[in-house]
Structure formats: structure tokens, C-alpha cells
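Same chain, two partners: chain A is paired with chain B first, then with chain C.
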Partner chain A sequence: MEYLFFTLFSSIAVISALLVITFRNPVHSVVSLIVCFFQVACLFVLLRSPFLAGAQIFVYVGAIMIFFVFAVFLMDFKSSMAKERFGKMTVYALPVAVLMFLEVLMLIVKGPFAKMGAQPADVQKMMDLGQSTKAIGMVMFTKYLLPFEIISVVLLVGFVGAVVLTVKEKKGE
Partner chain B sequence: MGHAIPMEYYLIISALLFTIGIIGVMIRRNVIVVLMSLELILNAVNINFVTFSHYLGNMTGRVFSIFTMAVAAAEVAVALAIAVNLVRVRKTMEIDEIDTLKW
Partner chain C sequence: MEALLASDIFWVVFKSFLAVAIIFGLPLPFTWLERKIAGHIQVRPGPMRVGFHGVLQPIADGLKLFLKEDIIPTGADKFLFKAAPFMALIPYIAIFVAIPMSDEAYVSNMDIGVLYVLAIGGLSIYGIIMGGWASNSKYALLGGLRAAAQMISYEVAMGFAVIGVIMMAQSLNMQDIVLAQQGGFLNWNIMPHKQLIAFFIFMVAGFAEANRIPFDIPEGEGELGAGFHTEYSGMRFALFALAEYAAMISISALAAVLFLGGWTSPVGFLDFVPGIVWFVLKTLFMVYLFMWTRFTWPRYRYDQLMTLGWKFLIPLGVANVLITGLFVIDF
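Let's turn to the complex of A and B:
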């Protein structure tokens, strides 16, 4: 049963990711990316982390993709849509990327991860769904408290920077 | 009763999404689509974090994937602001045509 859902989610994720980079219209790409993020959230549920699935939907679909939608609306993409989608380097870039994927695949299948023989069974027994969120909180607010505080400052600086960058300068100042 | 999906399957899906993101960054000419491909890459990294966290029974991976999401949000905010300004000033969305720094 879990295999069925895994196949469903992962295949839709990969197909929609492929559509993101092939659609001509950026708005279609945005919608396709939203579908991809939803599927990844489903994969997080399969990986027994419901909090991350929720955060994925809130942060990526709710915040980041809305940013993208507004950015697309702010720009004039009609003129760009008529032009060629892919750059001149596509012929060289594709084989390099495929080669990289094959290397990573070999690392996964033949490398140390395959020999590790990770056992999800007892891990799963250790934490059912509610426990997982609790465990994240326990680790985040004790061991990683300082990075957590720093990340909030990073977010603040990022958003202030975005506002500063987009505000138009007044004439005569 | 453990679930039967091996860890490698998740890693392969993550590698696939990562590669698609890399391809998108390299071949697309539209600024917005390049930024979206970057998001795809960050998301693939997140899947890797959570997979290892789940299969090795260590919560650190999940905490770091939350950090990745926060950094991705900040990055997108700044990057889109820069992109909007770029389009406003240069009147083009094609990254091939923005080559003033090229000598």
C-alpha cells in the first residue's frame, strides 16, 4: 500500500518538476511547481514527519509561490514568451546534468548508503506521528537554539532587504 | 511492521528532482524560471535531510530542513526583489542579455 502511494507521489513530483522547466508561460511553471511542492509534502508524510509536511505547504505553497505569482504579474512576460525558451548552452548542459545524475545514482546504489542497511522499522516504532513533531521541538529549542535565533534574524534581514530593494526612490532626493 | 520502502528510493527521487533543478538553472533563459528551479534544488535537499533523519533515527536532519525552508524564504524574497528591479532597469527577462559584467 505504501509503495502505491510512494510511486504516485514521486512520479507526479518528477513529472511536474519536468513541466516547470519546459512550460513556455511562467504562470504555468508556477502552478506546476505548486503541484510539485504538494507532492513533496506528501512524501514527507510518508517519511513520518507531518509537521514538516505542514510547514512545507505553508512556507513553500503559501509564501514562496505567492511571491513568485506576484513577481510574474509585476513583470511583462508576454514579450519574453515569444522568444526562445532555452539558452545556447542547452546542448552541453543536458549531458553534463545527466552524467551528474548517473554519478549520484551510482553513489546511492553502490555506495556506503546501500551497505548501511538502514532500519526504518524500529525507528518507526520509537516515534508515531505525534511523537515526531515533539521530538523536532525538543531538539530545535535545546541543541539548536542559537541557529534558530540566527535564522530568525536572517529572515528579518531578508525581508527588510526585499522591501528596500523594491521601493522606488523619490525624485529629487 | 516496518514500512518496506528502502531508503535508496527516496534518495533517487531526491537526486532526480535535484538534477531537474540543475538542468532548469542551466538551460532556461527566463529569470523567474531559473529562480523556480533553484527552489526545486532546495526542495530536493530537504527530501534528503528528512530521509536520512527518518531512516537513521536522528532528529537533526528534520530541524535542518526547517532551517533550509527559512533560508529559502529569505532567499526568494531578496532574489525576486532583485529580479523585479532588473526587469525594471534592463527591460528584459532573459539572463543571456544581462551580460554587462562579461568582458
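Let's turn to the complex of A and C:
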């Protein structure tokens, strides 16, 4: 049963991710990206971390993608539609993409994940479903407090930067 | 048969069907109720002709919408145009999975109940934006964009309001939140010594999320034709209307659970009344509040709406979270 759902979610995720880069209309790309993120949230549920799934939908699907849609609507549509499937940058992009793919493949096959193996029963025992939210909170505010705070500062810098770049001071004031 | 009744999957599917049936069925009596309330508020009888005091009016309306031609405008994005009404409706049906109607009547008792409801509830906006864009019409697109801006602004405020409630219950689980309000109406979150400010923020944001008057600027008949659903007709238009009702019902139910004690009884000696009755009564009261507001308030202007959201509700929400934190913390 679980395997069936995993196949369903992951195949839809991969297909929609491919559609993001093959659709010519940017709005269609955004819609398939939403579908992709949603499927990733479903995969989080299968991995027994409902909190992450909720956060994924809340933050990525619910908030960030709405800004994407906004940006796409405000763009000049006709000119931004891709005319040909492969642009000039393909020559540079292709080797980088292949290299990244190989690295990820190495990590999966030979990295720490491969040694762990699949032990769904253990994972279930370790992570009681009712406690996942609490566990994440505990870890985030004790062990990983510094990275958490640094990320907040980085986000703040982003906000301030956006305001500085877009809001220009009126002359004479 | 016994094996079927014993299996979890059967019950999940059965409950889900029941939830969907309820959401599809409720708007019929509610449209009648809304028009009656509107009528009596404006000192006129409302629908009277079809059936006794017009009770069959919704069926006549539904039949009319069902038989109308389904028009797709030229130049519209066909797939998204057709899909948008469903994208608007489905999230609100999905919300009902997590809402506990009594201590036993729920589809799923999720550990992340509140987070799930907020996350899924925010998705219906895509139906409105995509419907507005796919129509290939200026008014519809403007309506969709307004809806998006409104949703982003008020979802933040709503989130802050709900955080206060979560802090009181120390849990995201809806059942835990209800149980934390047990023991009479003095323990409900709506009380001044609990989360009255959060309730105020939640309801204002709820009106905005459901696109109801006074915050129905995505529709804005006065300036945008009919907003995002200008180009829709027949059943697809009916689905958008259904989505609006489903939004109203789900926000009412959510308010009942988070602030009005859910399925618990208001006073001790009424404990024998089943929980589901209390839940339905509280939800109906909140729905009435939505309808009451609709016919007594004018529509806000777009900039007024944004000012209210960002400069008033969100700071108030943050202050509420901080103050709640001071009281909840273990010294």
C-alpha cells in the first residue's frame, strides 16, 4: 500500500517537474511547479513527518508560489514565452547538470544513506507520529539554534535589500 | 461484510464521502437562508414564490444553473479555465477532514490539525487566480490579482491569531485544542481572559479569506463587473459560488473549534446533549454572523483593506502572541 502511494506521488512529482521546464507558457510552468511541491509534501507524509508536509504546503505551495504567480502575471507575457526549446546557454548548462546529477547519484549509492538501508520499522519506532512536531521544535531551538537564527538574519537582510532596491527616496525630502 | 466494516480503509472512504456530501448539500439550504436573512434585514420578505416561504427556491436556482450553457470565452486558456472552479472548491472540502465535529465524529485526528487546515485553506486562492487569468479578460485578471494580494496579507494575520490559540492548548491537534477549552463557556478561547483579541483578528481575516462582504473586493461588482468569475456561466459559476459557501462554512466551523469550545457544552448541566449538536449550533451561529455582516456593512476600498491588514491586524496579532507567551510560560 505504502509502496503504491510512493510510486504515485514520486512519479507525479517527477513528471510535473519535467513539465515545469518543457511548458512554453510560464503560467503553465508555475501550475506544474505547484503540483510538484504538493507531491513532495505528500512524500513527507509517507516519511512520517506530517509537520514538514504541512510546512511545505503552507510555505511553498501557499505563499511562495502565489508570489511566483504574481510575478508571472506582471511580466510581459508574449515576449517572455520561450521561442525555442534550447537557448544559447545550453552548452554551458548541460555539463553542469550532468556533473550535479552524477554527484547526487554517488551520494545515494555510496554515501551515508546507502549504509543506513531501508528500515521502515525502526523509523516508526523512533519517531512516534504524535511527537514529530514537538521533536522538530526541540531540536530546532536547542541543537540547531544558531543556524536557525542565522537563517532569520539572512532573510531579514533579503527583506531590507528588497526595500532598499525598490523604494527610492524622493528628492528634496 | 463484517470484514469490510472492520477495515480502516472502508471507514476513511465512507467518512470522506459523507464530508463531501455534506459540503455539496449544505449550500442549498444556506442560499435560501441567506436570501431570507437579507430580506428580513432589509424589511422585505425575501423569496416567497417557490414552495412554502420559498424553501424550494435553491432547487429552482440550482436547476437553472445546471441547464445553462457552459461558455468558454475565445482566447481563454481552456484547461485552466475548466479546472479553476474545482481548484477553488476542493481545498475547502479537504479542510473538513481535520475538523472534529465531536469527540468521535471526525475523518482524521491529525497531529498537525491546525497547520493542515491553514495550509490547505490557503490553496483555494489558486482557483480564483487561475480562473481570473484563464478567462482572458481584464476585469477577471484584476479580480484574481486582488484576491491573491488579499489572501497573502490576511493569511499572515490569521496565522498569528491561531498561534495564540495553539499556545493556550500547547498542541496543534484539534481535539487537544477543544479539550483545553472544556468545562463551560468561561473556559472558551473567546473569553476576554483567554484569546478575545485573537478571535477578533481571526474573524476579520476569515471574512477576507472567504471573500465575503465587507472584503469581497475580488468580486467588486461596482468596479470590476463581477471580478474573477465575470466570464463564468452555468455550472462552473455555480462551483465558484459553492466554493464561497464552503469557505464560509469551513471558517465558521474552524472558529467554533478554535474559539467557541468546539463540541463541548457551554454549561455543566447540559452535558447530556451530544457534542455534535453543540458543534452544529456554534457553526450555524458563526455562519449567521457572516450573513448578518454581509447585509449591514458596505464594501471596503482596496487600499483600506491593505491598511487594515498590514498596519493594524498583523501588529495586533504579534502583540497578542507576545502577551499570550508571557502568561503561558512556566516560570
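FYI, the second predicted complex is superposed on the first by the 133 of 173 C-alpha atoms of A that agree within 3 Å, B and C clash if a C-alpha of one lies under 4 Å from a C-alpha of the other, contacts with A are read in each partner's own complex, and residues count from 1 in each chain.
Methods note: a contact is a pair of C-beta atoms (placed from the backbone, for glycine too) under 8 Å apart; a residue touches a chain by one contact, two chains touch by 3 or more.
Because the structure is a prediction, the values reported are computed rather than measured.
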First, second, both or neither for A:31, with chain B first and chain C second: second
Chain B versus chain C as contact partner of A:55, first or second or both or neither: both
First (chain B), second (chain C), both or neither touched by A:73: second
Which of chain B and chain C A:93 touches, first, second, both or neither: first
Contacts of A:63 with chain B and chain C, given as first, second, both or neither: both
Chain A positions touched by chain B in one structure and by chain C in the second: 51, 55, 63, 67, 132
Contacting residues of chain A [partner chain B, same complex]: 2-3, 6, 10, 13-14, 17-18, 20-21, 26, 29-30, 33, 36-37, 40, 43-44, 46-49, 51-52, 55-56, 59-60, 63-64, 67-68, 71-72, 74-77, 80, 83-90, 93-94, 96-98, 100-101, 104-105, 108-109, 113-114, 116, 118-124, 126, 132, 135-136, 138-140, 143-144, 147-148, 151-152, 154-155, 157-159, 161-163, 165-166
List of chain B residues in touch with chain A within their complex: 1-5, 7-13, 15-24, 26-30, 32-33, 35-37, 39-40, 43, 46-47, 50-51, 53-57, 59-60, 62-63, 65-67, 69-78, 80-85, 87, 92-96
List of chain A residues in touch with chain C within their complex: 25, 27-28, 31, 34, 50-51, 53-55, 57-58, 61-63, 66-67, 69-70, 73, 129-130, 132-133
Chain A-facing residues of chain C, complex: 77, 80, 110-112, 115-116, 118-120, 122-123, 125-126, 129-130, 133, 141, 144-145, 148-149, 151-152, 155, 172
